[in-house]
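Please find the structures below.
After this come two complexes, each holding chain A, first together with chain B and then together with chain C.
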Partner chain A sequence: MTIALPLAILWFGALFIALFDGTRKPVGYTAVGLLAAALAATVALGIDVHRHGPKEMGIAGWEAGVGIALRADMLGITFAVVSLVVLTTALWFEVSRDVKARIFPALVMFMGLGLTGLFFTGDAFNFYVFFEISMVAAYVLASYGESPRQLRAALIFIVVNLLGSVLFLVGIAAMYHNTGWLDMDRISVQTPMLEENPVILTATIIFVAFSIKLGLFPFHFWLPAVYTGTRPAVAAILSGALANIGSYGLLRFGADIFPRELREGAWVMLILGSISIVYGGVQAIARHSPNEVLAYSTIGQVGYILIALSIGGEAGYAAAILYAVINALNKTLLFLSASLRGWIAGAAFAVGAFSVAGVPPAGGFFGKMVIFQIGIDDGRPLIVALVFVGGALSFVYMFQLYRARFWINQEADEATTKGALALVVALALAIVLIGVFPEPLLSISREATSILPERAP
Partner chain B sequence: MTTEMTRTTCRILLLPILMISVGVLVKGYADIGDGFSAGVIASLGIILQGVAFGAEEFDRLPLVRYAPLATFAGLFLALAVAFLPVVSGDPIFLHHPVAGDSATHFGALEFITPVLFDIGVFLIVIGFCVGSIGAVARETVRRERDRGAQAETRRGSPGAPAERGDRR
Partner chain C sequence: MTLFISITIAVIFGSAAYLMLKRDLIRVITGMILLGNAANLFIMAAGLRRGRAPVVPSEFETSDSLVQAMTLTAIVISFGVATLVLSLVYRVYDAHHSVDLRRLGSVEAVQSGLDDQPTAHVIQAADDAQDARQDREIAARQGGRW
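Our next item is the complex of A and B:
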């Protein structure tokens, strides 16, 4: 299985789909099929990597360091699979209702390409290139719908995220300046030998850049405005697929390239994560429109990822990966099902709500439990208390939203099609399945940490 | 409105500019230049025609009409060069003849697959620059015409909602 196959499917597929009118159903379903094919290729690559270890491909046969390398390891593949699942579901969902712009399916595919590319690259600058491909697709997607409200949301999104991209580019330039390499492996070998101050500055810049993407507490200001303005499928894509850049970036650059700086900055991340959880939860309780509640909930949920990262070690990193995966699925399910009507949609939404609150048998329970367990094992009462408080807050706002959305207000704002219902039900079942059989996901996330150095806390 | 002098000069300049851009494209392997800069030079030459002759005349140029297709063709060509080696099990972007082998020369032009890749980039840049400027110019002309028609009828209708009209 070659690394190039998922990229080739997505790239040629996106180009092919862009030639046709995406508002027509056959074109939309072809795009869904191509995304699913790329997903299947990525899963096959994942099985191969699981059996034979990470794969590497030097572009044009140049060895790593001289040329640009594509690298596929479990960490990248896990995030690529989750992102492609989210994109396929969201596109299918939108196609089964009504696609409103001819370019929409092609854009979703281009975003899939950008995400898969950046999860598979071993070169810091190439990471930035793929990152920009997915961001450019996201900029256009944010304005999808083209009402004044969506354009306003898109403008905020573009301005803030361009700032984030520039910061990231500055960070890469600094890394190159400090180490003389763009290859991530070589940078991670070089950084421990460097003087600490410039590296800390670089690491901070990159941390801020990814925090903006994730919508972490002090950098969250753009997120509610954007999520409330966009359509449900786009909100699902932004929070379920695009936000993975942030979690993956923090893991790859934080845990892989700057492990020493990550350890020293652990208390900052702990504080920011805690504030994110409490702030997101309290704000979500105070809001009424579903997208706004879910947007603040997103801010709260990324706090857990940050806390898991600050704990570090194999357990901490595995918890961060697990939480990022489950959170992406939760948010996709919630954004999609909140826009539907009827008891089936209500039940699917309830599963997502349980998952966010961390109630078994939904998958979110294990995300919270892993962090809870680490808190107890390490004897850190603050983390245990935070998981409780965060869980209680999310329980309150999720059921407030459920009540407002499915009990009080019954009128449909858009068509509830059978296909859309089937999709959210499938997603809900998948989350329940993860909750009932968590072992595969737990072992995958543990395997994904195996490439990260300094796993011992 | 531009003068006859400007228009004549612009029209005369078009072919030399295109020639130079092809030169820059071909020279890229032995000298300064590549598909990107060649594309920028060529599209500036074409856009110059729009500046001199106005948007409507600009639209009539075949180069402008097929610009969006050039983007697709260029991206396809570049991707094909990148991904075709994978079929035979080589890493992506592997070029033929491979490093160390000698290539056939025709003046400054070397017959190697990266030239095809650069032609792809050249087409993408031309298609994008000319296509996007053309789209903006077309929209400006349309708005001016609408405004003129509105002033004529003296009934300021509040502008049709854009949401429905843009579906296709």
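Our next item is the complex of A and C:
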């Protein structure tokens, strides 16, 4: 199984789909099929990597160390699979209702290409290029629907995220200047040998760049405005697929390239994560429109990822991956089902709500439980208290939203089609399944941390 | 030379940050483009070495050419994004007949559908009052100076 296959399917597929009118159903379903094919190829690659260990491939036949390398390890594959699942579901959902712009399916595929590429690349500058491919697709997707409100949302999104991209570019240039390498493996070998000050500055710049993508507390200001404006499928793509760049970037650059700086900055991340959880939860309770509640809930949920990262060690990183995966699925399910009507959609929404609040049968329980367990094992009452408070807050706002959305307010935004309902039900079942059989996901996230060099806290 | 380049980057970055805080969208976009150029210059600076020619071919020792490849890629990307943003600004202007961020913001507040939000004319009145206050302040300051 070659690493280039998922990328090739997405790349040529996106170009091919862009030639046709995406508002027509056959074109839309072809795009869904191509995304699913890329997903299947990535899963097959994952099985291969699981059996034989990480793979590496030089682009265009250059030797390792000279050309750009593609690397597939469990960490990248886990995030690639989740992102492709989210993209496929969101595109299918939109196609089963009605696609409003002819370029929409091609854009979703381009975003899939950018995301898969950046999860598989082993070169820091190539990471930036793939990152920009997915961001440009996201810029256009944010304005999808093209109502005045969506245009405004897209504008905010572009201005803020472009700032993040430029910061990231500066960070890469600084890394190159300090180490003389762009290959991530070589950089991670070099960084511990360098002087501390330039490295900690670089690490901070990159942390800020990814925090902007992720919507962490002091950098969250753009998130509610954008999510409120966009359509449900796009909100699901932004929070379920695009936000993975932030979590993956923090893991890859934080835990892999700057482990020493991550350890030194652990207390900062703990504080920011705690503020994110409480702030997101309290703000979400105060809001009424579903997208706004879910946007603030996203801010709260990423706090857990940051706390898991700040704990560090194998258990902490594994918890961060597990939480990022479950959170992406939760948010996709919630954004999609909140736009539908009827008891089936309500039930699917309730599963997502339970999962966010961390109630047992749903998958979110395990994300919270792992962090809870670490808090108890390490004897850190603050983390235990935070998980509890965060869970209680999310329980309140989720059911406020459930009541407002499915009990009181019966007006539908748009037609609730059978295909859309089937998709949210499938997603809800997947989340319940993760909750009932958590072992595969737990072992995958543990395997993914094994490539991170420094696992001692 | 390093100091000179650092100062240049700092000035461009500072001007870009200042422009991005403006209310006029065109200025914000100009700021974004400048910001990208500051980053490009920063990449170039990462590969400069004293006493070496910057460009191949040359009979002397040359400095790192990889940074130029990176900068070229970054320029192309920022050019693409700039065109995209400008077309979006045009669409926003088409929809609102304004590129003033405060006006766009007041539309946002009205449409967010919260009961405790002030209505359009209240915001308009508040805007006008603020304008008048600013005018008075400017007049007072000028009066003091001259």
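Rule of thumb we're sticking to: the second predicted complex is superposed on the first by the 457 of 457 C-alpha atoms of A that agree within 3 Å, B and C clash if a C-alpha of one lies under 4 Å from a C-alpha of the other, contacts with A are read in each partner's own complex, and residues count from 1 in each chain.
The rule is short, and it goes like this: a contact is a pair of C-beta atoms (placed from the backbone, for glycine too) under 8 Å apart; a residue touches a chain by one contact, two chains touch by 3 or more.
Remember, it's a predicted structure, so these values are computed and weren't measured experimentally.
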item	value
Contacts of A:K100 with chain B and chain C, given as first, second, both or neither	first
First, second, both or neither for A:V43, with chain B first and chain C second	neither
Touching partner for A:I59 - first (chain B), second (chain C), both, neither	first
Winner by number of chain A residues touched, once chain B and chain C are compared	C
Chain B versus chain C as contact partner of A:E146, first or second or both or neither	both
Partner chain in contact with A:V189 - chain B first, chain C second, else both or neither	neither
Touched partner set for A:L442, first chain B, second chain C, both or neither	neither
Shared contact residues on chain A - chain B and chain C	146
List of chain C residues in touch with chain A within their complex	20, 25, 28, 32, 35-36, 38-39, 42-43, 45-47, 66-67, 70, 73-74, 77, 80-81, 84-85, 88-89, 91-92, 95-96, 104, 107-108, 111-114
Residues of chain A touching chain C in the complex	125, 128-129, 132, 136, 139-140, 143, 146, 148-149, 151-152, 154-155, 158-159, 162-163, 166, 169-170, 173-174, 176-177, 182, 225, 228, 288-289, 292
Contact footprint of chain A on chain B as seen in their complex	72, 75-76, 79, 83, 86, 90-95, 98, 162-163, 166-168
Residues on chain A engaged by chain B in the complex (per definition of touch)	2, 4-5, 8, 11-12, 15, 18-19, 21, 23, 57-61, 70, 100-102, 145-147
